[in-house]
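Here chain A shows up in two complexes: once beside chain B, once beside chain C.
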Partner chain A sequence: MASTAHQPSNSPVQSSDVADAGAKGVPKDNGKPNVPREKRPNYAQIHSRPLPIDVYPLPAFIPHNPLSIVRVAIALISQTLWPPISPLVIHEAYFSSQTLSIHVTDPQSVRALWEQGFWGKGSLSRSEPRWLDMEKRKRGLKAMQTSEEYTAQRRRERRQFKLERARLEREAIEEQRRAEARLAEASSLDATGNDAEPTTSDGVVQTEALISKVDAASMSEPEFVPADDDVTKETEEDLVAESSVEDGPFEIQNQEHLQLTMEEAFFLSYALGALKVERQGIHQSSSQLLRLFCASSTFSTLQSPQTLEEVLPRTPIFGNPIAPDNPFLLKYVVFHHFRSLGWVVRANIKFAVDFLLYNRGPAFSHAEFAVMVLPSYSHPYWSETTERREECKKKESRDWWWLHRVNRVQGLAHKSLMLVYVEVPPPWDKGGQSQDGKLDVGDILKRYKVREFVLGRWTPNRHRG
Partner chain B sequence: MTTLPPGLKPAVLPSPLQNLIVEKLEQSADSVHLSDLHALALQVEHNLRYQHSWTDLHIHTHSPISNQLLPRPLVSGLPPQRLYIHPDEQIELLKNADRKRKASKQAQDTLDVEVAPEPEWVLPTRLNEKWTLRRLSDVFNAISIVPPTADENGTPNPWRTTKRVLLATTDSDSTITYYIVHDGVVKPRQN
Partner chain C sequence: MADEEEDIPRPVGANQEDIDLTDETQDFRFLDKLTVNASGAASLPKRGQKDFESHDTKLQSDTLEASRQAMHNVLSWTRVHTEKSRILGMYHPESNMAYVEKVKTKHFENMGKAKGGKEWLLPEEALFLIERGSMDCRWPVNKSNGENEEELTIEDGAPMSLQAAYAAFIGFEGGVGGKLTLEMFTVYSGLKRAGYFVFRAGCWDDDRGTLQPLAHHQDPNKAGGYLSRFFTEIWRRISTHMYPIPKANLQFGPLVKPGLYRSYADVYRLLQIIPTHDRTAPPKFHLESDPNNPFRIHYDVYKSGTGKFRKAHRGPPDFRVAVINARETSLPTADQLNDLLATTPYDPASPQDQMYKKLKHGSRNVILAVVDNGIPSYIRFSDSDFSDIKLYERNGRIPRGKGGGRGRGGGRGRGRGRGR
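And now, the complex of A and B:
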């Protein structure tokens, strides 16, 4: 603070106010923060690129500076002659038919995909791949706290609290029983019941006292965080005291990989061109990927005795055209829709929905919306025959219980439920039209339409005024 | 990467999980179950071992009771903490812990409830499967109350009287959710 006092101050008030301002933590104009800030990673910097692509903006045009036009012109011409490459790095992944998923194993790609748009999930972490950090910490190689450990700590505290509460409740019940036993004894001894009166009231008072104790205890319950939302602003996670002890003599083999959902992989490779997916060492084109993902989304071990690898080679050519309401396509259309609008879309089975929508990403805020994908058959094709009508009705219909169940879970987790209807077009894949089974992905996606429908539960007490 | 032509190196290194599955499936090429179901069990076992620090993990293909083929491979293992405490057992434990705390004369002590972990059955499934009560009961009929372990000298928990499995559901984003499923109705747990 001494430096501030020495400054030539315009107002006499400033110097006397210094202590006060310092206490509030207002940064002074010398730029030195007064309060030691908690050290936490700068998420805005780490995740500064919302997508794993490179952009080349034109220089700014300043109207009163005619030279700026020249700079714009030079940039335009040079970019036409030598078009810049985007994305500079194409990540690589492979499709694992044994687990029906897409794995990324290169550590640099894993970091990049997570940092630039929150793609994928660490297979052994809740979202950000941090298994290795956790393992190092477990073995005392690194002093840091990951969000998983913070959650474990919180759970321990909650369990301890519940045990204490259970004990108090138990004691209250036993006290009540004793009081009742005494009452029964008294009434059996004394038929007139004159002496029974004080005993009873005494017993009741005692139990009430106990119950109020329990209430007091439950008041002090730590604020219940609805669910393990993915790594969010758990600040403690990032009070990282990275006393970077060198990695010990033995090296831990990283058991974790980044796993992309099929929607993410298809968006990265088809829409952004930032990912190459291979299967059995062979790079897959967009239409091959579409066939592959559509086939594996309907593949179930229970229906066929073969493995996916045995089923796949036949699907593109013989008789197995992609249904227009294939589950992968419906989900991908919704994924593409929201990703294109700038939302970070993440799959989430833990909230019993198809997707969660984050504003900037899970590191910045909790998800705002929970998305449920529903097919809608309003095209006239689907009501042409009675069989078709009945089948569509079966696929479309959900009962009220279903809606209440889904909405109830989201209400507890403070998310708004969004029902997203995908208009299913008439069948477009006639099966084996062309020899190689090539598909025009853009044309297919154009046939689908998306309708959003946000749902909220109205409670009179909360929504008054 | 089993079907890779010789001499062609994959451009992307397979993940440790993928290596494990491929290696184990090769070993048990004449497996009695579908290799797909076996891969699923391996995936769940890998997750339990490394993410949740389970120990003593085994994959069972045959029923420990009848020695018949199980509906699908099941996993058994020992979790780091107890997963389920019967409500009556909890009352008993709380009483003991409270007595102990009073004996130590220090009211500030926290209630120390010590429960030893118990081995559990795990049923690996996929999210797009449809499960019915009949199929679940087929699984329950084939398993014992406690999975068979190497050391039989441990005293069995007197409160563990109904069969239970941990239903592991894998999603395509690698999330595995675990739910405890009991064979029949049990006394509700205090929350």
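And now, the complex of A and C:
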């Protein structure tokens, strides 16, 4: 069944709907009970901070308002006397060797990390940590909807719509059959001979009618709010309230934690200093974290019968030198690059890529770019000997079928595939022997170089001009 | 079942660019309409739906029959080769080309090259015309049977079969890397049939193309005089002020030391430490020149719908196509891509374009035609400078409304077809 047929009928409804919602959102004087449907939370306010760091801009100086200079002066003086320090809070997390991720369990940290830059994923939710809300709603403690439930409802409606459409089609066919049977009877009674012509023309007329009927059915397809699967339907007040909820008949314990990927955790701790990562109760420095994550990223239970904890020595200095093309490092370099440009970078295997790039964050817009990280052995070191050349070639090469697979997925999801080549430097790590195994993280990161290529399908039919 | 279907996003009306017509199932009845009102204003007929199962109604079988009949009508159309448009060509073994003495048809407006009173056709051009049924190509006759050379005309030559034409024209060309392969011919004829004007790129016979320098985009500044240049320079220095990051911060982190920050732009500037490819530097080749390098530009492709076209003065092409054999090459490495893109001209998006469009357009671009057993897939590679567009500065500027705060307007009618 051509599923595109009913699609366009949906969009005008939807866009007018959005415009409507936008108009309602304009702050008016309160007191008008004009909210027939659930209000969207103010994401711009919830996610006003793009990073878990506070900034203190000076009040604006307005030339025709001389008092404004006083405000500026007060701010300047108070901030010199009592300088505010950001980050205000340093969140705490621990490394879990079983899941190879970093867990944040404090509910306030979880909220803060999600709201200020969309870090991590709820361990029991699809992305935003919403398990507690879902659970409360299930037990009838809460009237709000979570995004997961919203999707489920949408799917139900959709299935209903499809069943309905299929039924209408079946009926149409039945009707057509009956009509043809009647005609056949009539013609056999008439036996005038030229009955073929009226049958078809009549049939055509009938189909038109039936098609319009089916179309009408598709017009009445349940309308959808512009899709952000990540979007949640709740205001901040509820979120604050929920952490200390006691109004229910029994209290639900939050079973959920936030899990950060290694890239996120390293960025939060090394670049922003907003996260402390512990392993076995010991706080890890940036250098130790780098060694830990690099070792974890190459660790595979398929190859060794031990667990990661058994493989990693208990000392902070791990023996094996880090390979310059360590998967964690390559990915982190790309992660850091795009984060430092202001993109919200989220790991995404669901779209067959390493990262998705969001403008401002998943609550605001769909991701536009999908990033695939590729190593590049351009440095002369890698082509010095033939074995090295062979090995690099093996690591570098991807066939065209690989590219088309990845690109096709992105095309269907309306994203642009981006290949990011990371230039791999010659080996820089001597292992644990030299200088206590301490790593100069900044120096290491600066050895890598990234280059972006955006790909797109080109169809000759579209560009003829 | 419904869930599975739903998870496959489908094209939405707003984004026509991504819909590939060849992906649809065809209803050939539209051909009938084309032939019926071919004289009138040509509006493409709507394609119908396809039924996947038979539900023994007469209507369905009639529709199917009508479709078949339409296809049959089109195929049974008598195609006539008039004497006027018949092209007689002669194969020239020394150059592996063909020549035509009398130019009659419009084909020569966008192919062939006049030389010595004859119109010379490149192998792919000759093969294309032969395959199309437009040209009758002849083998040269053996000159040793005593007759005078002058008396021999093209008509005396033995007719060349299509099979012979394929054997003769493909793969026998001189030149290092510029040998015509079957893949190249597939791409050439495909693009020609799709309505493009296709020519060999200038670097066909060379090991690789020439470096294309950066455009002189400082020009507007110079035109503005010293004063404006002075102020732009000052503004540039103020706006892109880089804080030196203390070495200890770099070494052990955090890059953003606890302290007082006035704006997020300041914070982001501190974070920027990863080196990127410098696209403002003049391009240079990374690899040695190699005649066997598969990544080279083969064809210059021109849109056909844009006014008068003269093959002698055709200007810069609209697209540059490199033909790749999918079975013999793999995805290009960063060096190979660099070298390929260095031979394409600097072609940035217009500054007025939207951010996403700019990023997708890139500063240089090339189209790779990846051919697997005669099926080409075209992929556009563009060299995009992401560090050129600082998202944090843009987001800082744009005031956000209260109503849901869906960023840019373009994000709206896109509907649910997109996943996250």
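The criterion applied here is as follows: the second predicted complex is superposed on the first by the 293 of 465 C-alpha atoms of A that agree within 3 Å, B and C clash if a C-alpha of one lies under 4 Å from a C-alpha of the other, contacts with A are read in each partner's own complex, and residues count from 1 in each chain.
What we mean here is this: a residue touches a chain if its C-beta (ideal position, glycine included) is under 8 Å from a C-beta of that chain, and two chains touch if they have at least 3 such contacts.
Keep in mind that this is a model prediction, so the values were computed, not measured.
In the superposition on chain A, contact is made by A:I349 with chain B only, not with chain C.
Contacts of A:H103 after superposition: chain B is touched, whereas chain C is not reached. Set against each other, chain B and chain C differ in how many residues of chain A they touch, and the higher count belongs to C.
Contacts of A:S340 after superposition: chain C is touched, whereas chain B is not reached. Of the two partner chains, chain B is the only one that A:Q253 touches; chain C does not reach it.
In the superposition on chain A, contact of A:I69 is made with neither chain B nor chain C. By the document's definition of touching, neither partner reaches A:I77: not chain B, not chain C. Of the two partner chains placed by superposition, only chain C is touched by A:R360; chain B is not.
Of the two partner chains, both chain B and chain C are touched by A:K162.
When the two structures are aligned on the shared chain, A:S269 is found in touch with chain C, with no touch to chain B. Once the two complexes are overlaid on chain A, the chain A residues touched by chain B in the first and by chain C in the second are 162, 348, 350.
Looking at the complex, you find that chain B touches chain A at residues 1, 3-5, 8-18, 21-22, 25, 34-37, 39-40, 43, 46-47, 50-51, 90-91, 94-95, 97-98, 110-111, 113, 126-130, 169-175, 177, 190-191. Those residues of chain A that touch chain B in the shared complex are 92-94, 96, 98-101, 103-106, 120-125, 131, 160, 162-164, 166-167, 169-170, 253-257, 259-262, 278, 280-281, 297, 300-302, 305, 307-309, 327, 346-350.
Listing the residues of chain C that touch chain A in their complex gives 2-3, 5-6, 8-15, 17-18, 20-22, 25, 49-50, 52, 55-59, 62, 190-191, 194-196, 245, 247, 249-264, 266-268, 271-277, 286, 303-306, 318-319, 324, 326, 329-331, 333-335, 337-338, 356, 359-360, 362, 367, 370, 372, 377-387, 389-395, 400-408, 411-420.
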